[in-house]
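One chain, chain A, appears in both complexes that follow, with chain B as partner in the first and chain C in the second.
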Partner chain A sequence: MFKRLKNIAGRRKDKARLSKKDTLASQKREKNKSVQSSVTDNLNLFKQIYKIPENMDVKIREFTLGKSGRKAAILFISSIIDSKRLEESIIKPLLQCQDDDAKISEIIFNPILTPVTEIKKVIVHLNLGNAAIFLDGDHTAYMVDCAKFESRAIEQPQNEAVIKGPKEAFTEKVVVNLSLIRKRIKNEKLIVEATVVSERSKNEVLILYIRNLADEKMVANIKSRLENLSVDAVQNLSLLEQYIEERRYSLFPSVLYTERPDRAVSFLEDGNIVLLMDNSPDCMVLPATFWSYFHSPEDHYLRFAFGNFSRIIRIVALFITLFTSAIYVAVTTYHAEMIPADLLLAIAGTRERVPFPAFFEILIMEIAFELIREAGLRVPNPMGPTIGIVGALILGQAAVEANIISPIVIIVVALSGLSSFAISDVSLNFAIRIVRFGFIFSASLFGIYGMTALFITGLFYMVSIKSFGVPYLAPMSPHYVSSGDTIFRKVVTSEVFRPGYLKPADLKKKGDGSTK
Partner chain B sequence: MKQTKGKMGIREFAAILFLLIGTKITDDTPTYLYSGAKNAAWISMLLISMALIIPTILLLKVLSVHKGKNLHEINLYLFGKVIGNMVSFTLLILGLLTIVMDSSVYVDIIGTMYFTKTPTIAIFAVLMCVSAYGAKKGVEHIGSVAWLVFFYTKVTLIVALFFTFKEGNSKLLFPILGPGVGGIVKTAAQKLSIFGDFFYAGLIAPFVATFKDFRRGMFLTYLILTVELTVALMLFVMLFDFTSVEILNYPFHETIRYIQIGFLTNVETLFFPFWLVATFIRFSFYIYLFVLLLGGIFKIREFEYLIPLVTVIFILLGIAPETPLITISENRDMTLQVLSPLLFVLPCVMWIIAKIRGDFKNESSV
Partner chain C sequence: MNPLFKLFLLVPILFLLAGCWDHKEIERKSYVIGIGLDKGKEQGTLEITYLIGNPEVGSQQSGGSSMEEPSELITINVTDYISARNIANSVIAREISYDLLRVILVSEELASDKDFLRFIYGTVKDREIKRSTQLVVTKEKVGDYLKKNKPKMETRPHKYYEYMIDRGIETGMIPDSELHIFFRVTEEDAKVFLSAYTSSETTEEEKQGPTQDEFYAGQLEVKGETNRTEFFGSAVFLEGRMIGKLNGEENRLVMLLNEFSEISDIITTFQDPFHEQYQLSARIIAHKEKTVKMELNKKHPKIRVTLPLKVEILSDPSMTNYVEKKKETAQLEDYIESSMEKKIADLVERTQKEFKAEPFGWSLYARKEFKTLKEYMTFDWMKTYPEIDIGVKVDVELGEFGRQPKIPGFKGVRD
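Presenting the complex of A and B:
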């Protein structure tokens, strides 16, 4: 009975689906035709495909050519073309032409002109912002490049600001990003390959690598991973990351984002692969190791000592973020003897009137801090500072006075919260902040023993994970030949090797910086 | 330069050995030496090291002509299927005893010295689960982690020993021969197995990238560990004198309770995490070796899947004795004494058989 009902219901559903005309399949079917010789036929077909005139920005301009009055038409999507260029270099010369035998390529001023015979390809060009010229009695459509997608201008990097060094950042326009990279690498071996990754929206990903540096197996691996993707739409790199990464549930990120072209270029020159996409004001660097999240481009722009000084500060900040709160819980709960007596008395004195165990106290404050942080991010701009003041100052002060929290806890949590801002990479920042809670829990359960247990488990996990075949903590462990750019960096002239874990075709960099 | 998949370099291999044997100075091993050789325990240690150099070289010789085979496979090859399996099985049983007793000792250290109120089983479970997780990741990852933490553990150990030296009194080392030559030699002969892990390291010989790395790693760690253990044994005596150091079960942990660094009066919790890290790695490696050998003997190819089961057995066996300190120390003493002659004789026998079989003939051409 139920089966039958289900069958009926199912059949109905199927029928309903079939009766729908506008499916992806029908969309494909329409395209598998070739350009007709009659302009009217062509235009009718395209009117059907693009649903003109309901589709308001797809425009057709019909006119006659030369003395004989040969019928012609231009088809374009007005919102993504440069109308001035279209007018100057295409329409004007076409209208002014009096010679009947002249070929299109002799009339038009535009540098890029592609003759196309398949409807499928015409559509691809049109969607990319090209204009199509149809002529009566001609089986080809002439595609002229006059695309102009609106986007921001090049601005300063927002998340990876530096004091010393270039201040250009990627924008949402892939052509601009590409030119920013080409500006830095004037090498014909810098290859830019394009792959379409989505079925419906036809999003395009550019794969950049330097041919005689990058490991070809890795390039092939990444290409095949992109090509085997089956999705409807991938808007930008942040989403693409989640499609191509290996461990989707892992806390640790496996690809690196940077909005700085100089950083992308330095990775390219080491043999990494860079992905670019429209609508992403950043690029994706593959493969990435733990150290690349920890580094900042400024480490290398600053002189040796200064760069390493900021690295020390950062690694200290990282450990403070991870451990201070947990150590406070562990020490006050299990290892009180390790605190010098005076400090111990001070802590005991402030904690005297607080009704909660240390673990709970820390947890309240850590959650409060995360709340303020998240709220501060989402709050409209003019109200931002207010939230900060109310949240951090008044709330903290009042909590202490109300004997909910002891003042030392405020210091501990503020320290760990503040330090977390020293880790600039968003993904690593999140990972560290989440792991911190793990340490607090383990500290409350087993004190230092629990923390060490979690730490070593984390280490085991981190050495075992790989980003596109590269161990996460390479080149430190397992050891590889490299310039040793991990926690510290060397003097620039000593950085003579490319990272061995990338298996670059050319391991040694030419020249050690000394004069010839 | 090229890192082959699943193999480790000399750094990782040496780091494992360092942590494996280096941690012995921090458990109750010194006590066994002190009880026999009194304040001359360090001379016994030197003797052990000198005595074992011959079997170690012989073992390396045998391994060098059977590259790509691990200890068990060589056993099978040299002794034949039946006796080879029996030899390996003996090693397995001794390994089992070592793991069970060592883990109880370490849990006892954590329980009595740091977490007096925490139930033993909880400490045991955490220790074994973390180690099992590490073992599951495989030997190359154990090596990676060992190499990552190697410097920090060694630096903290050196710092601790330095402050011990500052507090210690060098006169307590005299009379230099302690109970006399006889006592020293006897102790050394009975406790040869302190360096037994070098023998077991033969099991992972195929995992090291090149045999050259393996040999160099062995010699390097052998040399440095000899120095490290000897110096530590001297320093403990200098700090406590032989009468009390004999009674102390865990001299290292008493030491870090004793010393002060500047205004910090109780520094043991500073050293504790580093010691724990070494401990976790040590047991990860032990568990890995155990299942490796077990898989070898019983022809279980996917031996990693045995780890959870084996771990549960270890925990159950480990918490079985009710007074671990007394039971374990007796049993441990016995195992050490059984293992000692075996570790001395076995490599020699292996070498002789290999010689008779003519394995070394092609050596010059290799």
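Presenting the complex of A and C:
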């Protein structure tokens, strides 16, 4: 029977289909060759590698060089090059060349011209959008830069919108992202190192840090982690995060994402490391503490009082999200004497006709809210508002009228749901929303006592975890020299120190009172 | 999978085993707002009346409002009110809860009984009874009182008792009589405890005299269509037993002299010293600290108290315009001082002769006069109090004379 199943599954056929020629190992063998002197040989080799003409966007242009009649060819991938530039600055001068002895660097207008002799490197360049020029009797291929990857223009940040402050966001094109950062740090010590992290797709990660600020050990640590990866493809940073983080089962995130170049720069200037990657409209900041998820760039753009006010609102929202539903369950089932008399009677009065225990009632509504949220996210754009109305109206009003839910539960769940939107970081948002269910369960089992126990356990955990060697709650616990930017922030002129937990080479970033 | 990790997965089951004790859904309880205590038919028993609030009435703005009564009364004969909770369940469908208990009402008859102390100390044993519960004495049997007491506006009983007692304390007609104070005073054994006094029965000799606060509950004449329950005056407890009563006026004076009362809104009347047929309305404000001086170590112990008061004259029925007349104002001040001093002197004498203990809290000052606790104990405050020479001086300062101090003269208008 198993044999038959195997036949149906077609394992053997699969094995047979993959010819020995096309394996990764055989590809490597071909790549290790060097460029031949005959154009035809070279072209034949590349036709084999790229499977021309089946591979429709890899193009070859053959021609003779000027009047000399020397055979030449240009190889490129048409979908990722700028054909106009190719025509203007490469093909035209080559065809019109009068001087037979001129070197190729003297003919071509393009600023970047790389002579390459290994096939392996030629392929890398071709895949990056360069064109390869082969000449008869020459053992080198000349790689000319004329790449043009299609991508979005720079847009406003979607998830980290601010009222006051710059409104540029990273895009999927790493060169653009890099230029957005270079625009903000005009310092020769800003180092951009590139590492290839995947074996088949050759995805490249850029490691950014400021040389005389960032801790060398940390840079080396992150580099080694990236280099030790053995993966076929890593599409973007969101996936890379999951490869390099320390605790993959942990609820709390350990690296920070931001789509704002200004935010990335402020972390760089504090001694953090930033990773950039193509196809990621954001950057990854390492290491990250709990506070960085809680903060918003606007906290510092707004004046002292205003920034702190919005911080208070956010921390309150965080605790409301965590606790309101759980407190309702705990108080109504264990600690009725804590509620003011009128409210107690009102809850008791409305609950008389509700068939479920308070815990179950809350759970139904919380799940309903999460459903609306998830469905609203996945629904096609024009239907979004409808889902909101249907969710709020049907679930809320009708559930109360049908005596399935008491009206106070709607208030409690709506409040905790609304507050959860104030936590802007996606990762922390998820963590809080999941932990909230933990609190509801513990409240239903042990009341406030259970909630306290869970909260303390959670604190123990948060104090124990680290993000790339940095304690999660630093600089509050354990204490480090820093600007004290945790729950509240200081006046800008008093924020003199870089965070000590990053072990920056230069701890002080401002003069006393920000004057000389 | 790691076997230790598998074991760890069993931990949540432990929570399920240990959890949920004491778990009770909020709507499965009956909330007792007031407990009434009467003497039982036999010796050593109590007649307990439960005043139970109905959560369904008045709690919802729209929909679901029922035609049910706002409260329910049951009376049972038991030995104490802790076991009463289960017996009451033969009539009441839900678990009896004291979470919302506001008042413990005791009939005068039971409060005067020598065994009252035995019953009331049961409240300390019960976890749910808060020490902030008010202890109120009713003139009649509590069962009858509660049956008759049907407020027209505050139909929900917890609101009625909360507002009634809070406002009574503000105006000083009744004292703040939390259970906690009762136990503290009883155990301290240095003064009497005052408890709010109430009645829903009207006596035949209803009064509505010129001075309107010298009554006991049930004596004030009130007309109209209203609930005839009055909270007026206080019951005096000595060593955990009721020994007498103070009327509204006496209670106000005690509250004025007491350090810890929350009296804040006293409007009373004085006879106009220049026109006997008129009464002057006055607001009394205790704006300064009173001074209490004691000389206890001499052969004849002495207490001298100065009570500084601000008095605002709010009415002027004789249309004399006192505000303009310096001589008359000075006389008025003297008159108010002397009339208040006389009333206080009468009250002090009454406490010395009738109760043989004081309600003012002076023992706190007396303690400071002794170097050691032993000396204070040998002095024996309770025993000495009736013989102490006590003088209370009232220091009146006239404040404003109403919003518009000056009004036209009576003769000027009727010319």
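General observations
By definition in this document, the second predicted complex is superposed on the first by the 490 of 516 C-alpha atoms of A that agree within 3 Å, B and C clash if a C-alpha of one lies under 4 Å from a C-alpha of the other, contacts with A are read in each partner's own complex, and residues count from 1 in each chain.
In this text, a residue touches a chain if its C-beta (ideal position, glycine included) is under 8 Å from a C-beta of that chain, and two chains touch if they have at least 3 such contacts.
Quick caveat, the model's predicted, so the values are computed rather than measured.
Applying the stated contact rule after C-alpha superposition, one finds that A:Phe460 touches chain B and leaves chain C untouched. Legend: residue contacts after superposition of the two complexes on their common chain; A:Gly450 is shown touching both chain B and chain C.
In the superposition on chain A, A:Tyr334 contacts both chain B and chain C.
In the superposition on chain A, A:Pro53 contacts neither chain B nor chain C. When the shared chain is aligned, chain C comes close enough to touch A:Ile347, but chain B does not. Using the contact criterion defined above for the overlaid structures, shared-chain residue A:Ala358 touches chain C, although it does not reach chain B. When the two structures are aligned on the shared chain, A:Pro385 is found in touch with neither chain B nor chain C. Between chain B and chain C, the partner in contact with more residues of chain A is B. The contact surfaces that chain B and chain C form on chain A in the two complexes overlap at residues 334, 337, 341, 446-447, 450. Residues 332-334, 336-337, 341-342, 344-354, 357-358, 401, 442, 444-447, 450 of chain A are the ones that touch chain C when the two sit in their complex. On the chain C side of its complex with chain A, the touching residues are 15-16, 18-20, 22-27, 29, 31, 53, 55-57, 59-60, 63-64, 97, 99-100, 102, 128, 130, 156, 158-159, 162. Contacts from chain A toward chain B in the complex involve residues 331, 334-335, 337-338, 340-341, 446-453, 455-457, 459-461, 463-464, 471, 473, 476-481, 500-501, 503, 507. By the touch rule above, chain B contacts chain A in their complex via residues 1-3, 8-9, 11-12, 110, 114-115, 118, 122-123, 126-127, 130, 133-134, 137-138, 140-145, 147-149, 263-270, 272-273, 276-277, 280-281, 284.
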